[in-house]
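Take a look at the structures listed below.
Common to both upcoming complexes is subunit A, partnered first by subunit B, then by subunit C.
Right after this comes the complex of A and B.
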């Protein structure tokens, strides 16, 4: 009984981590720097959703579409305003990483300034529990699992079957060669930031509905998304998805046997172990050759 | 076809080429040889606008192309195969051929990909394999194949035999001759000087950023070449 409930819970949280991680990994693999400010895209999306739905009373579906487009554009904005000029000055990836943490803190504080620090909630009919014989789930949680799986499949198809996906993989593989053969890698960066941030936006909307809104949720989520990416292999989008579900499972089994206070400790232990013994992750690329 | 006049070029303020002149006629193989650090690759990189040209000019069919962007050069019919990591390792052979060349419509591109498959049948056999699974020689074929999709008039090859076994080198040089016979003009930078001189119509020897010697196949007998490549000064 408990086992099924743990697996269901793992799938729910794993899906949210995966939405964050795959965008993070997509941006990392095409741009080769850690975009820790990715977490703020989740927060921006959840607050915009709150603003649109609760304050402006805009229709549910339109709110979702609006938020996703705005979050995607916010990703491009971050690249254009912060990272682009730094890259132009040939800043190292460490500088970009520090900048990304700065951006995360800056926007976290700006959200606190605009929306205040009080916890906000969105009431929804989707959060009424349905009881099955061996587990409990809400309609929203079913939507989270199903939508995430569909989106992750769509992302896979985008990467494998479309020209822009192929160009993204090419830039990720060999940026210099990509530019020699005339691929506009700036455009590829814009696409990766738009798509990555949009996926984070979807996670933001789900979190706004499923949990409560706090300006600091982004930091926690990007740490988990990053952990998922490392477990699965940061250069591999499918790997980061796999890693996120593994993290979800590990956390949920861990809190069943220990207590919920150990959730983050479990994640960090996993992160530590992978960084130490398998830094390229499960599906990652090792020295240019896929294992 | 290509005329390089008094070219000074280098990287980040460091001058490598100190005024060189090179002429390439249509349907010729021109070899560029010389010791390490002489600036051979810099010549090709200057043509393809990857190195910094400080003075002098490069004319392609009498048009000055010195400051043109790489994609503009490709449109004009100049393709470049770099040395080192020359393919997208984690893309399939077919994807490696399809990628880039966005100015070509799909039907033409498919036709040219088939042409490359005819030229290098092994690539057709392995079209769905990831590029990193290919052998060194096949990797070279793939890189040249990708350059051919653009249907270039001038092909720039930067040390294509690097890291290949003697047998594969032989095959590669045969292919290069075949491409010339099909009507292509080729500028090849090579470490394997003997082989390069043998297939080239004319050879330029580069030393310390200057042209030290130029000539046809008989250049092999020249004292300078013997000195450099048969255990002389270097």
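Right after this comes the complex of A and C.
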């Protein structure tokens, strides 16, 4: 009885982690720096959704579309205003990493200023539970799992079958070579930031509906997304998705056998083990000189 | 070079102006003899700023009242306020109060996070402190530390009594937030509940950042608990209650005083949740008096004002009883002092330095409002 429930719980949280992780991994693979501010895209999406739905009383579907577009544009904004100029100055990836943490804190504080620090909730009809013989799930949670899986499949197809996807993979493989054959890697960066942030936007909307809103949730989410990416292989988008589900399962079984308080410890232990013994993750590829 | 000179000149000017203005303050307060300096260690800015401003207002009102009656033995009370930002900045703030201002006693802090690092400094320097609102049980461990706000340990005890005797639930699950506050409550709750004859059937701590409790709730469900005691913060609490409803865990949920805020009971999922909160009075005529204090006309008066008012009064009463500003003497006097408070009817300290008598209210959320149960 409990076993199936735990697997369901793992899938729900794994889907949320996967949505964060695949955007992060997409941006990493085309730009080759850690965009930790990705976490704030999720938070901004949830607060925009709250603003649109609860304060401005805009229709549910329109709110979703609005938030997704705005979050995607926010991704482009971050690249244009913060990372682009730094890259132009040939700043090292460490500088970009520090900048990304700075952006995360900056926008976290801006959200605190605008919305306040108190916890906010969005009430929805989608949380009336459905009871099966061996587990309980809500319609929203089914939507979360199904939508994530469809989106992740679409992302995979986008990467494999479309021209822009091919360009992204080319830039991810070798930026210089890609630009020699005429691929505009700047454009590819914009695309990756837009799509990655849009996926974060979807995660943000789901989190707003499924959990509660606080300005500081971004840090925790990006840490989990990052861990998922490392487990699966940060350079591989499908890998990061797989890694996120593994993380979800590990956390929930950890809670079942140990205690809830060890949740983050489990995530970090996994992260540490993978960094030590399999730094390129399960599906990531080891580029560079091979022995 | 020219620029440096201008800067230097400006700097000296600013320092001089600052010195003059503080000199003025000093002069206005010391008439017949040296004033008695009392330090205020409060979050004047940051997340708990409204608590800090309320405390400042309450303490100022108490000091004004005492000074208008001629002070203590002809000596006026002078307040020196320092900002601890509800954080470990309290260390430098309290060091300044003790070493530079050489205060006779300290009123504050509001936050346990500030009190934890700062109060041992007061203790080792032998400066008496009356805490206004920081509630972590450990804070009053020192000889010199007293508190006019109920310690969290009382809350655990009250909750155990309420659940066992009033609700009649004998098997309890406890899920607490892993920090000073949550663990402090749990460490008193669990043994008390067992002593009463009940069984703590499940016990687990959660991280303050955690929002996903589904597997935890599955465990509580499997444990067969008759009620759930949930001392966590509103952000986690609302998430937990939502998931408790979703997972059809139909047992009463009892929370801690952290649930006593609009952000909690305005949410859809708080309905029927019971929580215990210490009774702190804030009568209307007292609120009116606060609003008459210069500079606080527009203050939204909250419970920190009567608490700080009482803290200052109990401190000055002890100084009066000592007859001098001997700090060890004041500490001894504080142990004996008893006054009629505003926040609570009688302020007297037990052997630890906490209030002897504390009353708790049991509230329940009904139609998005908090009502007495």
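One rule holds in what follows: the second predicted complex is superposed on the first by the 287 of 291 C-alpha atoms of A that agree within 3 Å, B and C clash if a C-alpha of one lies under 4 Å from a C-alpha of the other, contacts with A are read in each partner's own complex, and residues count from 1 in each chain.
The rule we apply is simple: a contact is a pair of C-beta atoms (placed from the backbone, for glycine too) under 8 Å apart; a residue touches a chain by one contact, two chains touch by 3 or more.
Since this is a predicted model, take the numbers as computed values, not measurements.
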item	value
Touched partner set for A:129, first subunit B, second subunit C, both or neither	second
Touched partner set for A:119, first subunit B, second subunit C, both or neither	second
First, second, both or neither for A:256, with subunit B first and subunit C second	second
Touched partner set for A:183, first subunit B, second subunit C, both or neither	first
First (subunit B), second (subunit C), both or neither touched by A:211	second
Winner by number of subunit A residues touched, once subunit B and subunit C are compared	C
Touched partner set for A:166, first subunit B, second subunit C, both or neither	first
Which of subunit B and subunit C A:174 touches, first, second, both or neither	first
Complex contact set, residues of subunit A against subunit C	2, 5-6, 9, 12-13, 117-121, 123, 127, 129, 131, 136, 138, 211-212, 214, 216-217, 220, 252, 255-256, 259-261, 263-264
Parts of subunit B lying in touch with subunit A, wherever the complex brings them together	48, 50, 70-71, 74, 80, 82, 85-91, 95, 98-102, 130, 132, 146
Subunit A-facing residues of subunit C, complex	47, 175, 178, 204-207, 209-216, 218-219, 222, 234-236, 238-239, 242, 245-248, 261, 263-264, 267-269
Residues of subunit A touching subunit B in the complex	166-167, 169-170, 173-174, 176-183, 285, 288-290
